[in-house]
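Each of the two complexes below includes subunit A, the first together with subunit B, the second together with subunit C.
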Partner chain A sequence: MSRSTKETSILDRNILKQRSDQVSLSAFSYIYSELVQYHQSRVSNISELEEKLASAGYGVGFKVLELLAYRSRENKRETRIMSILQFISSIAWKALFGKAADSLERSIDHADEYMIFDYNPVTSIYVSAHQSAADAYISGVIAGILEGAGFTATVSAHAVQLEEGESRRSSIGLPVKKDKAVFLVKFSPQILERDTTLER
Partner chain B sequence: TRKSQTAKQHTTSVHYSPLSSNNMSSSQQSPLLFLIVGRNEPLYSAEFGKPPGTPITAQSITRQNFIVMHSALDLVDKSCWVNSNMYLKVVDTVNHQMISTFSTACHIKFMLLHTGKNEDAIKNFFMDVYELYTKLSMNPFYRFDTPITSKQFNARVKAAGRRYLS
Partner chain C sequence: MAFLDLFIVNKSGGLIHHRSLSEKAPQIGTNEWLRIGSTFHSLHAIAAEASPVRGKIDDGIELIESEGLVLCCFQTRTGIKFVLTAEPGTGYLQKVLKEIYVAYTDCALKDPFYELEMPIRCELFTQAVNDVMSRFGNR
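For the complex of A and B:
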């Protein structure tokens, strides 16, 4: 019996972790730079560019959340703020960028703000100016994950000076970076309320 | 030998399926309603166990099922935040009908209106649909929280329903 050429649908594909999931940095950088240039020619200022890039990442966030939750095989959802942020900074970061985020901190001044640090995000490795604008894509991904999980939040990317003791990471052939990227996550008041209610 | 063969055929046709063994009086199990609910509206619906060619008067029963499902949404929402498991088991009971729910990581809810306790079969059904839903949502052309129109998805969910729920 000869093998019939059956059309394999996406519902047949294996979505568990595979080696072929990895993409080279250069392939990503080429495509991403095209995306940035496309939007750059169609907006009038930097904040609009950030908005466009963030909305590009937003849809990705939902899908990343579903996929990673399925792959973990735990069949559980995150219901608390700390657990979803830890999910993002460790599991999501590892799946997307190959390593966990460098740190997750809670702001002292504002109770509703949290910060995720990354010394060298993939979106701005080859960007010479306005790195935080290029990182808006990642803020969009984070916002998508949070919205998908039921935590409404605004996420923005900023560049913060490296402190004294911190090592300066640099890619081969590129100048040493003077600052690290921080993703500021600000939750809406209802989310904080819900979180404190759940704590009891 | 032919007579014994037909006798064998006759006995196997009276075999009751596991789900309907709870209501011994009716030989026909009541149809199950399965919904996939997004943030605002149902994204998919399917019925299982409905024999083909049911009269139009049965439509009022179907509409009532939808109303029952809709009224259970508040309870589903509440248990989503209290229970961190995806499989939420039975969240509401109305008369003799029960609603079991499964909530994915993105709070897409699979709801099943059924009679009779059958946790294992329902859990397996939900797991199958969960896998299908995850694969569907990986499609870059499928926007999150939009109605599911894929014929393949429909066929597979119906097959899973036939396998586990009847």
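For the complex of A and C:
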């Protein structure tokens, strides 16, 4: 029996094939701007707004982890801190934003803190004030991925001034920002202990 | 051949942005600017009504030319008016206004913390206007 011509819904598509569909940046900016404004009218201060945006991204993180782990065909899951962070900053970032994160660093002052840098996160390309509040959504996504992978951590977004030598890479047409975004990942002590025991 | 001032008037006639674009621009206080904005808004509307030929919705003052000044206005579909003043003989007025409009849609309208019809305080918008000015040769 021949297959009748019906529209393929998203559920019928092959999950393994990574479609590199392009979405209009303007469309995303408007939808995300509406999400932020929706929450802003229902909170009383900016830290509550950050919490709401982070919880919006949290669910996304779980699902992204499942999908990307399945697509990468790895038979083992990540158990070490550095490997899950590298998964986030390269594979997850590329799938979500089209390019890998700009760098991943370990904090010198605190042993339980790691930082993911992004020069121009997509959630705050057009935001002039409160850039880190707009990036709280991405913090939520990172926190969701980490929680799903079994690492308890608190993630916060910060805006840091660009240093002298760093190039303000920006595509033509996009506003040039003075700050870069830093996602600070702070792991809980049990996770650090577990990581050191695994090292041996 | 220099651009002098830029001002943006919202739908109800209130001034939402003004800045001078060169040192040759006259020194005008903020209150005076507010008055200029609302006066221009009213004149724009009156000119549209008084015109013998009515047509599109964006009727109104487009260009005022005088010996010492050229004033060009661009009205959007939503009633926002972008007004640029320049020395006579300056070219590309319409083009510059369109570029500033693009900067407005990007830096103000896509910013979730910008309230519509309120004064524009977005740093990215100021930077974008600077870029437009440097591209069109204003010092």
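Everything below uses one rule, namely that the second predicted complex is superposed on the first by the 176 of 200 C-alpha atoms of A that agree within 3 Å, B and C clash if a C-alpha of one lies under 4 Å from a C-alpha of the other, contacts with A are read in each partner's own complex, and residues count from 1 in each chain.
Note that contacts are C-beta pairs under 8 Å (C-beta built on N, C-alpha and C of every residue); 3 or more make two chains touch, one makes a residue touch a chain.
Remember, it's a predicted structure, so these values are computed and weren't measured experimentally.
**Student:** Kindly say whether there is room for both subunit B and subunit C on subunit A in the superposition, answering fit or clash.
**Tutor:** Superposition result for subunit B and subunit C: fit.
**Student:** Now for A:128: first (subunit B), second (subunit C), both, or neither, which partner does it touch?
**Tutor:** A:128: touches subunit C, not subunit B.
**Student:** Where does A:150 make contact in the superposed view: on subunit B (first), on subunit C (second), on both, or on neither?
**Tutor:** first
**Student:** Considering only touches as defined above, state whether A:11 meets subunit B (first), subunit C (second), both or neither.
**Tutor:** First partner only, subunit B.
**Student:** Touch test for A:27: subunit B only (first), subunit C only (second), both, or neither?
**Tutor:** In the superposition, A:27 contacts neither subunit B nor subunit C.
**Student:** For A:108, using the defined touch cut-off, is the partner it touches subunit B, subunit C, both, or neither? Pick first, second, both or neither.
**Tutor:** neither
**Student:** Have a look at where A:79 lands relative to subunit B and subunit C in the superposition and call it first, second, both or neither.
**Tutor:** Touch partner of A:79: subunit B, not subunit C.
**Student:** After lining up the shared chain so the two structures overlap, which partner does A:37 touch, if you call subunit B first and subunit C second: first, second, both or neither?
**Tutor:** A:37 sits against subunit C, while subunit B stays out of touch.
**Student:** Under the stated touch criterion, which partner chain does A:175 make contact with: subunit B (first), subunit C (second), both, or neither?
**Tutor:** second
**Student:** Please work out how little space separates the C-alpha atoms of subunit B and subunit C at their nearest point after superposition, in whole Å.
**Tutor:** When the complexes share the chain A frame, the smallest subunit B-subunit C C-alpha distance is 25 Å.
**Student:** Please write out, lowest number first, the residues of subunit A touched by both subunit B and subunit C across the two complexes.
**Tutor:** none
**Student:** In the complex formed with subunit B, which residues of subunit A make contact?
**Tutor:** Subunit A reaches subunit B through residues 9-11, 13, 15, 59, 62-63, 65-70, 75-79, 148-150, 194, 198.
**Student:** Could you pull out which subunit B residues touch subunit A in their complex?
**Tutor:** The contact residues of subunit B facing subunit A are 80-82, 84-87, 103-107, 127, 130-139, 143-144, 150, 152-153, 156.
**Student:** Contact residues on subunit C for subunit A in the complex?
**Tutor:** Answer in residue numbers: 106-107, 110-114, 121-125, 127-128.
**Student:** Can you tell me which positions in subunit A touch subunit C when the two form their complex?
**Tutor:** 26, 29-30, 32-37, 40, 125-130, 134, 175-177
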